[in-house]
Every structure is written in C-alpha cells, then in structure tokens.
Amino acid sequence: MLVVMQEGATEPQIQAVIDRLVSLGFTVHRSTGVRHTVLGGVGPVEDVEPADFEVMEGVKECHRIVSPYKLASRHFRPGGTVVKVGDVEIGGVRVVIMAGPCSVENEDQINRTAEAVARAGAAILRGGAFKPRTSPYSFQGLGEKGLRMLREAADRHGLKVVTEVMDHEQIPMFADYADILQVGARNMQNYNLLRRLGGLRKPVLLKRGPAATIEELLLSAEYILTGGNYDVILCERGIRTFESYTRNTMDISAIPVVKKLSHLPIVADPSHGTGRRDKVLPMARAAVAAGADGLLVEVHCDPDHALSDGAQSLWPEQFAELMGQLRIIAPAVGRKV
Amino acid sequence: MLVVMQEGATEPQIQAVIDRLVSLGFTVHRSTGVRHTVLGGVGPVEDVEPADFEVMEGVKECHRIVSPYKLASRHFRPGGTVVKVGDVEIGGVRVVIMAGPCSVENEDQINRTAEAVARAGAAILRGGAFKPRTSPYSFQGLGEKGLRMLREAADRHGLKVVTEVMDHEQIPMFADYADILQVGARNMQNYNLLRRLGGLRKPVLLKRGPAATIEELLLSAEYILTGGNYDVILCERGIRTFESYTRNTMDISAIPVVKKLSHLPIVADPSHGTGRRDKVLPMARAAVAAGADGLLVEVHCDPDHALSDGAQSLWPEQFAELMGQLRIIAPAVGRKV
Amino acid sequence: MLVVMQEGATEPQIQAVIDRLVSLGFTVHRSTGVRHTVLGGVGPVEDVEPADFEVMEGVKECHRIVSPYKLASRHFRPGGTVVKVGDVEIGGVRVVIMAGPCSVENEDQINRTAEAVARAGAAILRGGAFKPRTSPYSFQGLGEKGLRMLREAADRHGLKVVTEVMDHEQIPMFADYADILQVGARNMQNYNLLRRLGGLRKPVLLKRGPAATIEELLLSAEYILTGGNYDVILCERGIRTFESYTRNTMDISAIPVVKKLSHLPIVADPSHGTGRRDKVLPMARAAVAAGADGLLVEVHCDPDHALSDGAQSLWPEQFAELMGQLRIIAPAVGRKV
Amino acid sequence: MLVVMQEGATEPQIQAVIDRLVSLGFTVHRSTGVRHTVLGGVGPVEDVEPADFEVMEGVKECHRIVSPYKLASRHFRPGGTVVKVGDVEIGGVRVVIMAGPCSVENEDQINRTAEAVARAGAAILRGGAFKPRTSPYSFQGLGEKGLRMLREAADRHGLKVVTEVMDHEQIPMFADYADILQVGARNMQNYNLLRRLGGLRKPVLLKRGPAATIEELLLSAEYILTGGNYDVILCERGIRTFESYTRNTMDISAIPVVKKLSHLPIVADPSHGTGRRDKVLPMARAAVAAGADGLLVEVHCDPDHALSDGAQSLWPEQFAELMGQLRIIAPAVGRKV
C-alpha cells in the first residue's frame, strides 16, 4: 500500500495514516520528499481498500501495490494455461472456432447449422437453450429440450458443446449436456454462480461484462479459480461506450492486455461485439490478428428467420469465407486455424 | 416499425423489406420522398429487432415506434405509483431517507447506527447481510444472522428494513426479515431473480446497473411488473464513465428522465454513486434538488473500522447535518423531508 | 515517481529502472517487500511520463506523485479565488447566474431576452456571435455585429457580458465587447487559444470538454494561469457517456471534486449538459445544491423560433421560476442567489 | 423528419407538430397506428434539430431521415475515393504505412528514423514540429525548424511527409513542407481550421476526437469537403472509455463502419490508440485485418530517450517485424502492404 500525502500535510495527519497502517498489520516505510511525504505499507494484509486512506485528512492518493487477483495472474503460471476439451485445446497453437446459432430453435435448425460449421472447420458448437433477454416479451429459449438437441447435433458432427448457464441451480443439468459452461456478460459478477462453477470439473467460458474493466474480469475468474477449477476461458465481447452505431465497442486491445496480465486463454465474440452481420467478419479477423486464442461466432442456417439475434448471425457461406480468411491471417501470429 | 431506405435503394430492395414486414404481420405504409423511401409498419407485433432490418440490403436505419416496456411506462399509470411500506410512502410528498451501514457487522454496530439514523430522521434502515464483492477475498457478510440483527435493530428504533437479496433461493428467507428487497446493480439483469420477485408481494428496490441505459432499467422493472408485483422502486447509483476520480459518475439527470418515462418512484444512492464520504453530501443534496423520491445513504457508527465501504460511509454527525440541509432544499421541489 | 516492480522482477530489471531514474535527475529510494520491490524517485523533475517506465521490462506500474498542474491546484491558493467582474463576484457568497440565448439573432431578440433575465435576477448576459456548429450547414452566428448587439443589450439592462471566443485572432475584438471570454468545450485543448488568453487581463470561462477528465480540465486552466491570467472560471457542461437519452451526462460530482482539487470557481451549464428544456430546471437546482458558484443557462424570449439550441432554451417564465427555486436552495449550502 | 407521437397524444398536440413542420417548409404525411400517430415530414429543409420537436408536448421521439452529411457519404461517390500523394495512393489496393517519431527532435534522430522506416517499407514519414501537449510544461516541438528537418529527411529517403497543423495561421507555412496536413484529435472540431483546409489543394488527414461519434467525424470531414478539398483521409486513433489500462480504447469496428457510410479512406493509429509499445503490434495487425487503408505508427530510433511519447514508439526492429506480419495478413482482405 502506497499512501501519498498532500503538499503541506501536517505531522498529525501523517501520523494518523501511519497509525492506521500499523493497526492493520503493515510495516511502514516513510519517505519525505521535497513536496510530498510517501508512506509505504508492507505486510501480509491484502484486502484493504485504497479509498479508506484516500478519505483521510491530508492524503492525496493511495495505490495498492499487490494485484487483487492472484490465481488469475500471469505470475501464477508464466507458461500459460491450455484448456483441454477432449482433443480440442484452447490456448494452444490452434485458434479454436466455436460457432452456432444464438438459440437452439428446433432439431432441423441446429443440425443444419452444426453440419455447416463443422464442414467449415469449427471445433465447438455453440447454442443457447436458456436465454437471458433484455425484454420479458422476447423468446426465452427451449430449456432442457434445447440442450439435448444441441448435444445430439454436436455428437452427430464431431463437435464439442459450449452453452450458457444462467443460474447455479442449472449446473448439474448442464454438466450432462455441455463440454464448456458459458457465463454470460450479464452474469459476470453473479458470485453465487461463479463460486459453484469453481467446484465443477468442467471448463468455464467467462464473458466480460459490458461495463467491466479487465481487472474486474480477472477478479471474477478468481472466484472460479479459488474453487479449484483452473479451466477458465475468458471472452471479450464488447464494452459499452458512447458510440452507438455498433451495439457495443469491441475492445480488441483487451486481448493482448489479458495475455500479459493473466495465464488464462482469451477468445473473442465478434457477434455480440458488433451486433451486425457485416461487421462480424472484419472484427473476427481483427481478433485473430491481435492474438485471440479462439472465436465465438453466431452462425445460423437461416438468419432471416432466427428467433433471436438474426441480424448478427452469419450465413453458412459467410462463415466458410471467414474461415478461409483466418487461415491466411493466423500464421502472422504463429498460429493456425 | 419505421424503416428508412438508403438514397438510391432499388425497387427489389424496397420490396424485400415490405415482404418481410408483411410476413411478420405488419400493415405497411410506403412514403416516397425526394431522397429516401420510408416504410412504416403498423401491427400487433412487438418483439421485432430493428437490427434485423438494418442489415438488409438498401436499408439506412430502422426505428421501433412502440416502447419495449409497457407496464413500467408513465402512460400505464399517469398519476404515478406510491409504494407503501407500513406508514412510509415512497413516491409521495415526503422524501424518504433510507440509511445504515454497508454491511451488518455485529449487534452493537447495527444498533448504534440504527439509533443514530432514526434520531436524525431516517425512515428505513439499510444494511447488507449477503454481500456481492468484486474480490473473493473480501468480507462476504454475516448471512441470516445479519438479517436477524438488522430486523431487531430496525424494530427497536421504529424503522423499516431494506436489504439486498443476491439469489432467488434466498427470497423466502428474506421475506421474513425485510420490508423491501433490494436488487443490486450487478443483478439488474439477473432475470431469474427478477421474475421470482415478480411473484412476491413485497416492494422491490431495483438498482440501475453501471452500464445500463435508462431503457434497460425500465425493462428490468418490467420483468418484476409482469409477475404482478407493482411495488417497484428504482434507484440511480452511478454509471461507469471515463472519469475515474469518483468510483462512478452519478447520473442525476436520470431522475427527471425516469419521472417522465415511468410512473415508478426513483431514489438515489450517493454513497455508491461517488465512493467518497466527502462527495456524498453534495450529491445527496443534488439528488433531492433534482426531484428524487428518496435516498439510500451509507452511515456507520464508526466508519474507520467498517468491514466494507468505510470510505463512503458517513459519520452519524455528517448524516444529521445532511438531514438539516435536505430540510431546506426539499420545499424548492414541493416536498418535505 | 513511484515504480512498482512485478513479482519476480530480476535484479538487472530493477537496476535498469534505477539507472533511468537517476539519469533523469531523481534520487532513488528502494524498498523491498514480500512480493514487490518499489522504487521511489524524488527530484526536481516534473515532466516525466509514467508510461515511459511502465513499458520497461519487469515493471508492474508507475505512479506520478506530484500533480501535473501547480497554479491551478488548491494548494497554490488555499483560500480560493474570487473572480471579479465589476461588482459581480464569482466564487463568493452569491451564486452568480449567467443567462441568455444560445445565439444573438437580432436586436429585438437579445433585448427582450436581456430584459427578462435581468428582471429575474441574472447578473451576466450570455449569447453567442460566433458559433462552433457540428454541421457546416447550420447557422454560424452574426459575427461582430452580434457582439455589438449583445454589449448594448447588456448595458441597457445593467448586465455583464460573457461570450464564446473561437479563435485567438478574435481576442482583441472580443476584448472590446465582452467582460468574460468563454472557451467552448470543443476548444478546451486548443492550446494556442489558451496561451493567448493567458496574456489577457480579462476573466476567462473555460468549459470542460465532453471527453476531458477533471485533471485535463485543470491542465488546460494551467495553460492560462501560466500566462499570468489568474481569473479563470471553470464550467461543467456534461460529459459523453453511453446514455443517449440526454445529450450529455452532466457530471454534477465534478463540482465538489474541483472545489477540493483547485482554488478556481466552477459554474455549471445545465442547458448543454442536458439538451432538453424540461431537464434544465432539475439539473440547475442540482448544481447549486452541490455547491456550484454559478450557472450558465440558455434562455430565449421565443425558443420555438430560435436559430440554434431552441430545445434546450428556457422560456422567460421558466427562468423566473427557476430563480425562485434557487433562492430556496442556496441557503442550504451557505449561499444566496 | 419522422415525429412519433406519444400514446394518447391529443389532437391539438398533433396539430401543433404538423403546423411547425409545415411552417418549416415540410410536406407532412400523417399515419395513425393502433398506439401511436407518426408524422413524416418531407421537404427541401435540412438543418432542423430533432430535439426541437422532442421537447414539444405529446411527442415521443423524432428521427432525422436524411444524413446530416452529404459530400462525405458513400452515396456521393459509391466507388470510393483514392487520395494520391505523388505515386502513393491511399484507398487503393496497397495498405499505406506512415511511420516516424512523435516529435522531430534533431537532424540525426529524424534521419536515422526515416532511414529505418523507409527500409522496412513505409511510404510516408510522420513527425511533429508543433505539438499540442496536455501540460504546458511538456516539450512543445521545434517549430518550423522541425518541419524543415522532416522534409529533408523524407526527401533523402524517398518518403512523403505527413505532419500535424495546429492552427489555420500555420497553413501556408505547412504547405511548403508537408504532403499531407494532419488535423489532430483535439482539433477535430476546430471549425476555423477545417474550413481553411477546405480551401487548400493538399490532402488532409483528419483524426477522430476521443469523444467523437463516427457521425461527428464525418461532419467534420464535411467542413473540409464543402470547401472543395476532396482529399480527406480519416483516422481512427482510439476513443475514451472507462477502461484505463490502455490510454484509449481503439474502436477497430469504426473501420468497417466508415467504409460503409463514407467513400473516404480510413487509416488507423495504433500508437495513440493504445499508448503502449507492446500493444501497438497487435492493434496494427488488427486494423489491417479489419480493412484499414493504412496505418500511422510511431517509430523512434531511440525510444528510451524520446522527448515525447517514448512509451508508445516502436524500436526500428519492431517496426520491421510488424511489416513482415502485415505482409502475411493483407492478402486475407485482398490487399498488399
């Protein structure tokens, strides 16, 4: 903990800060400069809020030295984590493509889509059975029936399954059908859900919330990791900004930043990141060029009649075109698709 | 649904949009202008995404005419809603003050704080027993024991109780202890929780998420209202912006905007809105001056030793000072404190 | 300068940082903790970028100890600055109201508006003669003719004049007509303009840019102060956020933050801050309740026919109503209107 | 102009809107739906603010049909604009790389850097001689002497020159030294500067402001185009968001969006977009993968001793490495580097 005192801070003000640091178990080093006194607190203590010091009289600012996350930090596992789902490795040399519809709608739809994405080179089938929708009047998903259809379609085409779990009560059911459990952006800070997923022995794909900093994303991952589940895949899917032309602003720079701060693999979701089909291709290419370990892409065999997110779902031919482009780009970052 | 075609859109492109509107059940009015053709779709259909049209060839933009929320709209109840909690009315002439610590820590702390806020004029005691914390290493609350302490302290000092419910499983337990169930900002789009609260017959205080638009806040309220629970109180508590001096940027203008769009009462939380004790007073005054129906303020009998959010908790004397200021301001908006 | 090394930083990495600090003229204090080494650089040097250290190998983060602004800091003049314009004092006990139309349109309009705002209690007349407009096709102002009309209308009704200067070339002309020269939000970082205003001996009203942090606003003020012109009035007028219901999001909390960091007075512009007439009253009240030293409000004798910003201009009666409300609120913060 | 009335809007309210539309020269089409009346205004009128209608009684919302920019729209020149600077074409098949130091510091520095970037394949040399700096205490550039050094270094290595002009007074001087005049992000809405550049017959590189929407960027371009200068190159360089790990958040999706809305070429500046050297490579690759027409990259022969922006300047070897990566990526979008 580093506490910078204001210019002209009085001796009693400085002493009050020192006393508080000591009472919290810190050893304090005092350094008196030309304009500012700086107090460095060293100790075993972790969970202290800088703001608690910043509201004290005479304090200019306070910085935490130690990162608030530990298990998620790159330092914990410098070599990086590779999440294995059968023979699919996320975080390895191959850029892993997860594709499929927003929602599972019926057997025909999920089968035709699964076939198309498998043929083009996807390794994992995505599809929602329980949908968190902004409006209570929107289609909310097929439920368990949808999960079963998803699993069967994936098996038929040699794909793994990733699908979103909305509630900790659903975890046992999902564990029967899915290879990777996805936590949606709206649930990134649903700590009950995260904690229970920490007790699971299946990979979790954790999406960044639209207002979450990268540090907060890593802290949410920490909730899962502290439970002993180390197979966490992060996902950048756009943050909320003032620009309204796209649904969100995809923070492509989060990809190299996460790579530096953490050992966890990170994939990108250009479908939710942009909300528009014609922007998905450029952003998918950009994510791979920036070093993403994989993509989560919405593809629908008939987007015009999709029950949700049709505008951001690729046509199967577009997806095949994208795969061709990615095969050109990946070698630029020492990867293959 | 209003679809504006691009300049130079071709007749087949226009016809494709018309066909799609008709297939969705809309009656279509076509209006040909100097530069743009505009298609107006009128019909019983509600849940259509403008983006579905915006990705069609030749379309410039698409606007939804009908608001996506209905029960939450001002039009549904032009006179406004007054939520009654015993003899306390939220949305009436009196500005209702809810105050108390971030977390319930022990009997002495909650009692001393309850006594202080009651004496200064608060009507409702706030306090958390289950805490959603960004870090898994932070204090997570006393659980049900905390709820009991909170209830007893409130009863002893003639106060009502508001406290945050984190999970739908907890609702029955909370219903025994609380007068108002609070949904935290992180849970604003936890739809399972919202839906179950719609089945409850107790008031709900719904906080705006840090990245949520006002429209999304009203849609989340709609989830509760569609369940038949009309006693929803909204709460502005700061949105995330680029300015990092304060923890969040309190969107005071959301107060008059919500008042215009919706019949639901709205209160403000200047403690989370700013994160700093010395900013709570000015922002609390600002919220009341802007027309808030109430405040949610963190007060602690000993903020320096608070287990959470100490930096934003008021000293009891500060809270008393604030109440005095609010008594001066409220008449400017035809209210009293 | 405080440099925090990463966990496991090597001795050569630490030494490289020390060498660089020394080469820049810093005296270095090294502090070795359980997990991190911290290097404190003390010295006469000011203009060093933390980022220059943060890209070095083994560095976790770097913090500047000394504020980048000096003359604008509260420490420079703890008692606060009162800007005097004749007998009007900005930063004193009285909350100063500056009101008038967005643009000067003709003699009748500016005169009728001046009369109305003077009668209701405004001290200063605002009005634009040179208008920075987002679109090249919008009304761009009357030019010098407008300045003359503004001056005459103000003199006739005992008001002072504040008006926006867009370019340093115009400064001499403006000095003839205006009592306060306003720098618009779009020009907050037009350094040539700021520097020349530093050489002027007239007060300057400096608006915060829509993407500017409070620190950047104070650094722009510093450009004027370093020229020897200490009569700078800051103005909060809304920042750009994801919420699009209002034109900008007014950051009311910037008012108490600036009051703490700087000695300069700060006023608020609820007209640009909201863009909607019906939101101007609540936000004007909120700003005064939060401690603003004054307001800049658009009032037009006939807003329906205004050539610019009609939607956010108050009717004269609304302005009079607002003044009545402010007279009730101001005593809550020890002020009068 | 489309005006959507509120549910339950009264006939006099509807009539008032119609009257106002007619008085502004619009022909009005009225369409009465189940819940809402919609008024469509068609006419020769352009410069009307939707907000002017949105504040009228009974109005729910108002949308402008016609884009506020015309000459900058894709419709104006469907085939796209190629800006020619001698034999260098921006907007053609080749992705054009502009590279060089943030500031020109001395002859040796600019020469060595020019040599390095030319050898690696850059076509245009960048470098600042007049620097807009956030702090008045920072290095402000060498002035005209720097321009001369820049020109000479470019000529020596067969490069063109792009450099930032801060003020319209400087335009004649810059025209002697530069091939492309750059407008910095802080000046994106300096309309006097833009208008004078419209009278010039040299290409202009216009940077997006950190809080500017894409529409505002195109409106600023419109200021230049209306003057008859059609050689405008747009530049994405990061917008301001809540994420503070990077200096700005680079909005890569702006690249395909601009490509759709406008005929003007767009380049990306990953140096200012990220502020960190190690993030420049991934973001440069991402921009090209997303379809950028070129890059503006800071390269310095000795970044550790740069007088400005050293942390975001590439080492010459890093730049050469980047060029190799871009040569792999460009064919994926049908381009070459």
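Think of it as A, B, C and D in the order they're written, each chain with its own count starting at 1.
Here is the rule we use: a contact is a pair of C-beta atoms (placed from the backbone, for glycine too) under 8 Å apart; a residue touches a chain by one contact, two chains touch by 3 or more.
What you see is a predicted model; the values in this text were computed from it and never measured.
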| item | value |
| --- | --- |
| Label of the chain whose CA centroid is most distant from the centroid of chain A | C |
| Selected pair, greater C-beta contact count between B-D and A-D | A-D |
| Separation of mean Cα positions, chain D and chain A [Å, integer] | 30 |
| Chain B and chain D: spacing of chain centres that average the CA atoms, whole Å | 38 |
| Residues of chain D engaged with two or more neighbouring chains | 211, 239-242, 244, 278 |
| Chain A residues touching chain C - in the complex, by the definition given at the top | 2, 4, 6-8, 29, 31, 33-36, 38, 40, 42-44, 60-61, 63, 65-67, 73, 75, 240-242, 244 |
| Chain D-touching residues of chain A, taken from the complex the two chains share | 211, 213-215, 239, 241-246, 249-257, 260, 273-274, 278-279, 282-283, 285-291, 325-326, 328-329, 331-333 |
| Touch list for chain C against partner chain D, complex | 20, 46-47, 49, 51-52, 54-55, 68-69, 132-139, 166-169, 186-187, 189-192, 195, 209-211, 216, 219, 222-223, 226, 239-240, 247, 275-278, 304, 309-312 |
